[in-house]
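Dumping the structure here so I can ask a few things about it.
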Amino acid sequence: MDENPASESATLLVCCPDRRGIVAALAQLLHGHGANILEADQHTDRAEGVFFQRIHFDLSELHTDRRTLEGSIAEVAERMKMTWRLAYADRARRVALFTSKTSHCLYDLLLRHQGGELRCEIPVIVSNHPDHKQVAEQFGIPFQVFPITQENKREQEEQQLELLRREGIDLVVLARYMQVLSGEFLDAYEGAVINIHHSFLPAFQGGRPYHQAYERGVKLIGATAHYATRDLDEGPIIEQHVIRASHRHSVAELVRKGRDVERSVLSQAVRWHLEDRVLVHGSRTIVFE
Amino acid sequence: MDENPASESATLLVCCPDRRGIVAALAQLLHGHGANILEADQHTDRAEGVFFQRIHFDLSELHTDRRTLEGSIAEVAERMKMTWRLAYADRARRVALFTSKTSHCLYDLLLRHQGGELRCEIPVIVSNHPDHKQVAEQFGIPFQVFPITQENKREQEEQQLELLRREGIDLVVLARYMQVLSGEFLDAYEGAVINIHHSFLPAFQGGRPYHQAYERGVKLIGATAHYATRDLDEGPIIEQHVIRASHRHSVAELVRKGRDVERSVLSQAVRWHLEDRVLVHGSRTIVFE
Amino acid sequence: MDENPASESATLLVCCPDRRGIVAALAQLLHGHGANILEADQHTDRAEGVFFQRIHFDLSELHTDRRTLEGSIAEVAERMKMTWRLAYADRARRVALFTSKTSHCLYDLLLRHQGGELRCEIPVIVSNHPDHKQVAEQFGIPFQVFPITQENKREQEEQQLELLRREGIDLVVLARYMQVLSGEFLDAYEGAVINIHHSFLPAFQGGRPYHQAYERGVKLIGATAHYATRDLDEGPIIEQHVIRASHRHSVAELVRKGRDVERSVLSQAVRWHLEDRVLVHGSRTIVFE
Amino acid sequence: MDENPASESATLLVCCPDRRGIVAALAQLLHGHGANILEADQHTDRAEGVFFQRIHFDLSELHTDRRTLEGSIAEVAERMKMTWRLAYADRARRVALFTSKTSHCLYDLLLRHQGGELRCEIPVIVSNHPDHKQVAEQFGIPFQVFPITQENKREQEEQQLELLRREGIDLVVLARYMQVLSGEFLDAYEGAVINIHHSFLPAFQGGRPYHQAYERGVKLIGATAHYATRDLDEGPIIEQHVIRASHRHSVAELVRKGRDVERSVLSQAVRWHLEDRVLVHGSRTIVFE
């Protein structure tokens, strides 16, 4: 998008009951502090009467300081019953990548990060298998293995959480991490764990989904990136995409196509999250692309 | 595709256990009768060991006659344990369109037929409501209303079937026909009833799917055209497609997008069926595009 | 989108040099008159320093009246060197459809209009051929033929313009109208003539584009909807889309695919224009989807 | 696709004037040698009267030997005025990747190769810059720098060709190699150099294409993979694809989107070439997907 990550700027995401004057109040507030709105996008859910807004603004000529600005926002927010989040461009988000045995999503994220497409730091890669140690080394990122079993899961997750806290992790990206996170883990990182999974029309129950897709002769292979919640694979959807398939494609080919769509959908979802373009509301997202 | 419907040509679809020499046997057979292969496409399902082929060939310099040719094919078919279907381009398929209250699919099919895109005759439009009488008149096609209720369903369906037989109908297209066909009806037109329905990732159970799609914030709206079977909406898939959606789209907008994708997917499926490009095998299709 | 055309609402489109406080000024202004902002979307072109905004707002509890509101907007606009356009939802736009011999775009627009997808009145269909008289009749719309030749072009166009003025036409949609409009005509309807044409990668010079596309074996067939300007087919692009093709498609099939993509792209562009989502700036558009 | 690269199989690509009996003759020939046809796909260009076929067949129960089989094919080919190419699955193609300063296409090809998606050996990476030495090392592939200038171009290209011959290279992939190959180079590798370039609708002349695309407000960013010929960027198209863009995307974002579509289109084209799915005929390709 048109935004310069290096500049002294910030992004405000708000959500509140719809009423008159919200836009004016926020615009006035920012103007009053000397902030210049660079991009603003809003959405009103009429059925539910809820207002959402994303404001990206320049801080370089702020009359006051950040703390004062935050105080003013908090005041308006209280008055408007607003939930809000403010992110400064000069404070890079810290992301942990979780992986298991397949590397397509991991590589895609690392290459995009290396190419400057993802505005974040990646201080650690976490896995339940040692397989991708070398990949991590190639990119100069510490690699931590947690060999989770049914018996040690609770304890291992606690150690993972401690590592994440120690590293100041803001976002966990499950880049084909094949362990189900516990409710406790998800509570600790609510709205901050992004997962990717394959999607088909129709959806299949049970195991070996690509075999089922082959059996049913599906013509589209899809992937869905979503926030992980306690409802397995049912969290708020951030992005979805599909790719064509035909009877000519073997199960192996469907899997390959699935990998292609998974990696591009996951990277897109992570990029939007890092650019503060995603607001979660109940079971769905508002994505200000 | 590259095929001239007006020419003296035919299309052979075959399916049989895979073994050596099938391609050679059929090619030799056709060559022997003076038929010239114009297009041929084949597929082998290795896992199951099943062979599929579509051969489109020119009949204009046939040394023998159609009956003799058919006899020869039947002989080879018996030897190879082959199921087969032969369609002559100069014998137009007769199609009945079934509709209810929405007209987007109906109009799309009628306009494409009028524009020469669908090689068939449409001798009748069937509905359980009188709403689209005028549409039928615009295109000069007889319109038959069968006001089906829970009580009279069996009897009305029998009358529908009688009408279809009287009109020599080869294919029934459910252009958003909102009645579930009985098993008896489907048995009578096995592999010859094409249906369209919306598809989402993830799939939703229960009613009001577009409301559910809105609630879940889906990013794609899809449609699936399939052969109708006793397993409601679970018949072999012919074609699928999706269209992007976002949080900005109201339920009404999602419905509109759904209509767009439904009509194009249904027309594509009908076109492929009429061009003898679709083979059903178990729960899936082979589509020789 | 989420907007109710029937409600007492309006849409304001503005464009001005970027500076601090524009968003606040407009939000404050509308708030002051009792207008409630329903949707707002903005964009800043940083390179050129130009600000664009679309504000859709509710008028039902306006403290003042429309004239007073317009006066206030005009004042701010003068101060900010702003160009602006205000459209009321209860004043339906009047659209003239121009057509020649192919009907796919014409039908698509008429059916969408009939289905309530396009918020406008269509008081007249204009053609240089009599072919689609019956189509117009089906939809109950007057049909005017202007049999343009090289000799009478100027005079016929003057009569067309007179008709458009008499009918109070706001928008001219060239639904595959195969006459080049003169500069005089385009000046009279600047920014209010939408055209559709096929697009290929690579682009081809000269005639018979689908034959050239076939010769070059293109894998995509596209269409571009744009505002017509004196630079033939080079006006600001509103929407583009493509559809896949292969070596199997004859020229006739490519033409059919081209029709499919043309009609959907043109309808999308017209819908966005009628919902006041399109701003023209120099040689490009800002489309607030 | 459904083909097992490890199996003892081969792929025959043929092109000849259309006539009766070609399919039968080839099927008979292969059957006679004990070869089992696994996949066959054919196409007839009616306008030009040219026949194309791809036959993938199993060699494991060949009655004769490869040399004898080739002799038989050569005989039929001479009789039918056929050009043909036979590739054995157990003889891996050798591919040289040419690169310059951007790495997105290079990485994509290397990762897919590493993941087993591309059936080939990559014995060397060639560049006119030293930048990607480390990337090559990561994947354990020799890296050769040819620092081409206007003065030394002829001599450097000769050294490149010598390297390619020494390494037994079958295919050169220009993975964003920013040097124009000379006619001599292209003659030496006719039909065996695949290039990728960005594509827009409309196409732009002159430099800085993404700036032009931004200026024109294009809604689609595309890429075309083609065989390199003496007509710069005009060789037979293998694959094309597009990705959506909007006014919100800066030039940098358009470039990023361009990279995404370039890498997937190039990989697809290379995969098809390596699976012997592409036949060149005049200025276009037949791609048996």
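Letters are used for the chains, namely A, B, C and D, taken in the order the chains are written, and counting of residues starts over at 1 for each.
Methods note: contacts are C-beta pairs under 8 Å (C-beta built on N, C-alpha and C of every residue); 3 or more make two chains touch, one makes a residue touch a chain.
A quick note: this is a predicted structure, and the numbers were derived from the prediction, not measured.
S.K.: Under the over-half criterion for shared residue numbers, do copies chain A and chain D use the same patch or different patches to meet?
M.R.: Same, since most residue numbers here occur in both copies.
S.K.: By the contact definition above, name the pair with the higher C-beta contact count: A-C or C-D.
M.R.: Comparing A-C with C-D, the pair joined by more C-beta contacts is C-D.
S.K.: Would you mind reporting the rotation angle for the C-alpha fit of chain B onto chain C, rounded to the nearest 5 degrees?
M.R.: Between chain B and chain C, the superposition angle is 180 degrees.
S.K.: Of the other chains, whose C-alpha centre is the longest way from the centre of chain D?
M.R.: C
S.K.: Taking each chain's centre as the mean position of its Cα atoms, how many Å separate chain A from chain C?
M.R.: Centre separation, chain A to chain C: 36 Å.
S.K.: So how far apart, in whole Å, are chain C and chain D when each is placed at the average of its C-alpha atoms?
M.R.: Spacing between the chain centres: roughly 41 Å.
S.K.: Touching two or more other chains, which residues of chain A qualify?
M.R.: Where chain A meets two or more other chains at a single residue, that happens at 2, 43, 46, 248, 250, 289.
S.K.: Which residues, counting only chain C, touch chain D once they are in their complex?
M.R.: Contact set of chain C toward chain D: 43, 46, 199-203, 214-220, 222, 224, 233-234, 236-237, 239-242, 246-248, 250, 282-287, 289.
S.K.: Could you please specify the touching residues of chain C with respect to chain B in the complex?
M.R.: 1-2, 103-104, 107, 111, 115, 117, 138, 248-250, 253, 256, 260, 264, 289
S.K.: For a test of understanding, state which residues of chain A touch chain C in their complex under the given definition.
M.R.: Per the stated touch rule, the residues are 2, 4, 20-24, 27-28, 30-31, 34, 36-46.
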